[in-house]
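We call the chains A, B, C and D, going by the order they appear; numbering starts again at 1 in every chain.
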Amino acid sequence: MSSTPTETTPAPPRGLDRDQVAARVARDLLDGYTVNLGVGIPLAVPRFIPEDVEVVLHAENGVLGLGPHPGEGHEDPDLTDAGKKPVSLRPGAAIVDSAMSFAVIRGGHLDVTILGALQVSAAGDLANWYVPGRNPAVGGAMDLVAGTPQVWICMEHVDRKGVPKLVRECTFPLTGARVVTRVYTDLAVFHVEDGGLVLVECAPGVSPETVRRHTEAEYTERLAG
Amino acid sequence: MSSTPTETTPAPPRGLDRDQVAARVARDLLDGYTVNLGVGIPLAVPRFIPEDVEVVLHAENGVLGLGPHPGEGHEDPDLTDAGKKPVSLRPGAAIVDSAMSFAVIRGGHLDVTILGALQVSAAGDLANWYVPGRNPAVGGAMDLVAGTPQVWICMEHVDRKGVPKLVRECTFPLTGARVVTRVYTDLAVFHVEDGGLVLVECAPGVSPETVRRHTEAEYTERLAG
Amino acid sequence: MIDKFRQDLHGHLDAVPDGATVAVGGFGASGRPDALLNALCDLGKTELHLYVNNVGEDFKGVGRLLREGRLRRLTASFPILPEFYEEYFAGRVEFELVPQGTLAERMRAGGAGIAAFYTPSGAGTMLSDGEFALSYRDGHPHTRVEPKETRDFDGRPHVLERGIRADVALVKGHRGDRKGNIRFRRSARNFNPLAGMCGRLTFVEVEEIVDVDVLDPDDIHLPGVFVDHVVMTAEAVPATAHIVRTVPADPRDTTIPTAEEMR
Amino acid sequence: MIDKFRQDLHGHLDAVPDGATVAVGGFGASGRPDALLNALCDLGKTELHLYVNNVGEDFKGVGRLLREGRLRRLTASFPILPEFYEEYFAGRVEFELVPQGTLAERMRAGGAGIAAFYTPSGAGTMLSDGEFALSYRDGHPHTRVEPKETRDFDGRPHVLERGIRADVALVKGHRGDRKGNIRFRRSARNFNPLAGMCGRLTFVEVEEIVDVDVLDPDDIHLPGVFVDHVVMTAEAVPATAHIVRTVPADPRDTTIPTAEEMR
């Protein structure tokens, strides 16, 4: 129970900042990937994608080939992302209706979806849509995790009270069971393999012990060299 | 059993010819209808649609707004009807893929489908896709009868041996059960109401007795004045 | 001659009865059929069950129907508007929350004559297990959304979802011709063609009406066969189209994640 | 950089294993991917299970695969070619006959992650009750297509149909760009986008390749996300495209209706 929140919960550790987490994720995107980005840290990822890696960004409202904000005064009210923010289009973009947009998602045609999370369990369960007592809304989250082969989570390793978000079992309502394939936090990178978490990388300056102290979920380690 | 085929089956009666049946059906098409036509007599119907009645013709391969053959030398190999014959497009035509084409059909968005038949039963069952022992092929027939609110059958009243095609129960495999709404033959017009055939019209010069003699199915009569 | 252009929108829309099911296109203000929604409101229609992805961020369109108390039930994936939740928790409107892709597919299925389908989205969650509160009374859940049938295909659980056939569909298009063929512009397309497919009676408001030979037959997004009435709206695209209004975090509990972390 | 244009078609298509399931676009010769089908044949691929609306009326395309004995099973709505039936009745190829709209919807469903759906098409017929012969032996039905689950919705029987996910899809497009975005022309579209959606590996042959900024994003019929490889074929549209070859009536029995009466 050492990692359960108590009066003696350790102070939140200092690892990567949000941009650094986004940059870390961006390094793993391969040329040619089609990717859907959730709000939060994931939206910062495109800024860090190398020039020689071409990624197609997908938005639930039917855009394949999202570009950046078109610049003040050039907004097109008929062209937004799923967060309803103005966007531009990359060359070779395609617009589809919502049924086709989710055919892309559910049919497994995206390569990766990068999402935020409230909690990720040891088995790769994800909770990221609803905090009981608040206003329920789901959007495309359940479709994304049900359909996408690779579900990468970007999140703070612990919440603002220092409570671990990598947990034994999710206490928040699930978005999907056993759907997460990777977790990127300010402290570490985990892969989900054979239904269990594997610590594969610690952030610079963060020790495996620090990671363990702030993680409730069980996991194995396979750190490089 | 008077209408069962026997050695004394009466000679085929003389009623409307095929073009006249087509013309009779055409009279019942209303301005604004969207219509799918089967091969055979139905394909002759458009020639008889009055000038002031605008009908949208639908083909299973995804054409809404079929026009006539474009004329020798003007055929477009990328533009055919469901019989793979060259067609033209009417102003305001739309081309869709096969899934959308059958969404139109199955979703009940056509007004009428006009089809040929092997047999129609007293309850409005239809057999028109397969003669056992021959080569089975179904095309869009089962979708058309399952989805279209009005299924109009155009056929000879009896087959070439004089055997009635309006039967108690279909002996050929069904295309759909209780799907037919009207039957137009060389001898008469029937509506299907409350699950039963109603004779509403005899062809000019054809008596109700002649119709009865060549019909195996039971039916009621509601002939105009 | 087929001519689906209408001058008298109110006259035609008045055919919608109170208590009707209404499928609505749009994604927030993007592609939202404001003229049609306003007309529905002006006509005093009430007790409506709306199928729409979100209420939006303001009191236009669906938000106006909500504020004027016209809604009996909302089926949506992401309502957004805080005042909607106030009505829901106060027991004045029912709420069926569905995954966004399921909502889109249900509209398409209903329009395509597909009675029901199996999707993996939402399997094993409170949106399929009967836990979600359809309505509140006295501050507590009163009725629940029915549990969804679940069945394994290829070793994974899928839930059975029904196609939606709505009494009326409200659609916002860019261009339309007299036969009812519609094109949309950019991401304003979203739910609009699907809402249009699933309506027993489909109204489309367009920014431009064009001659019947203008639109290329290869490029019709919603064929006229799905459309009953086309009206032209001179109303400009709302200026709020790209203004995002997020649900404010509860300042009393700092363990509650920010809206950003939730999706 | 994303570049899906391929010079070495054979090299890429050779990844298709014998025994593969293959979804094929086209409606007869209209929109039939002849170059891809020929390459599959040239590579000696065999024991294939094809999902395609019809074999066609000649020995090109699917007809060539048939004549060269490459087919293990055909799933189709309207095979047409008499020689196909000879092979079927001789027990050399299996035949799953499906309503045309069901075939289209099954391809779309498989591509869209919909495991199965309920359709009224074919309910109460020998295509759903387990009567239809999947294969023949010694001139008699040997195996039957499995009966389909039937269930009432809204008082009408519907059959449960599975989505199709094919190992490979062969598609004929009109124009394509390096990202794999495809447009089709006129009714040559037909099954092509659906086949393209349901392939785990999707090949598209196009008549024209275009720069990535040529196609309007609003008018892409098959987005590149579904497409793996694009090849250009200089092959002209077959001259037989509009030649109809009908099944000859059996002259021995005059009670057999003409092909015209059957559909």
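Basically, contacts are C-beta pairs under 8 Å (C-beta built on N, C-alpha and C of every residue); 3 or more make two chains touch, one makes a residue touch a chain.
Note that the coordinates shown come from a computational prediction; the quantities given were computed from them, not determined experimentally.
Taking the definition of touch as given, a chain qualifies here only if it contacts chain B and chain D alike; those chains are C. Common neighbours of chain B and chain C, listed by label, are D. The chain with its Cα centre farthest from the Cα centre of chain D is A.
Chain centres here are Cα averages; for chain A and chain C they lie 28 Å apart. Distance from the chain A centre to the chain B centre is 57 Å, each centre being the mean of its Cα atoms. Our note on geometry: chain A versus chain D, Cα centroid distance of 38 Å, whole angstroms.
Computed centre separation for the pair chain C/chain D is 35 angstrom, with centres defined by C-alpha atoms. Among all residues of chain C, those that touch two or more other chains are 105, 108, 112-114, 119-120, 184-186, 189, 217-218, 221. For chain A, residues touching at least two other chains, in rising order: 95-96, 99, 102, 105-106, 146-147.
By the definition of touch given earlier, these chain pairs are in contact: A-C, A-D, B-C, B-D, C-D. In the complex of the two chains, the chain C residues touching chain B come out as 1-2, 108, 110-114, 177-179, 181, 197, 212-213, 215, 217-218, 220, 223-226. Chain C makes touch with chain D in their complex at residues 105, 109, 112-120, 153-154, 156, 158, 162, 183-186, 189, 217-219, 221. Contacts from chain A toward chain C in the complex involve residues 38-40, 59-63, 75-86, 95-99, 101-102, 105-106, 115-118, 128-131, 134-143, 146-147, 155, 159-161, 163, 173-177. Listing the residues of chain C that touch chain A in their complex gives 27-31, 53, 57, 77-80, 82, 85, 95, 97-105, 107-108, 119-127, 131-132, 174, 184-194, 221, 237-239, 241-242, 244, 247, 250, 254-263. Within the complex formed with chain C, the residues of chain B that make contact are 31-32, 34, 52, 54, 56, 58, 64-65, 89, 91-96, 99-100, 102-110, 146-147.
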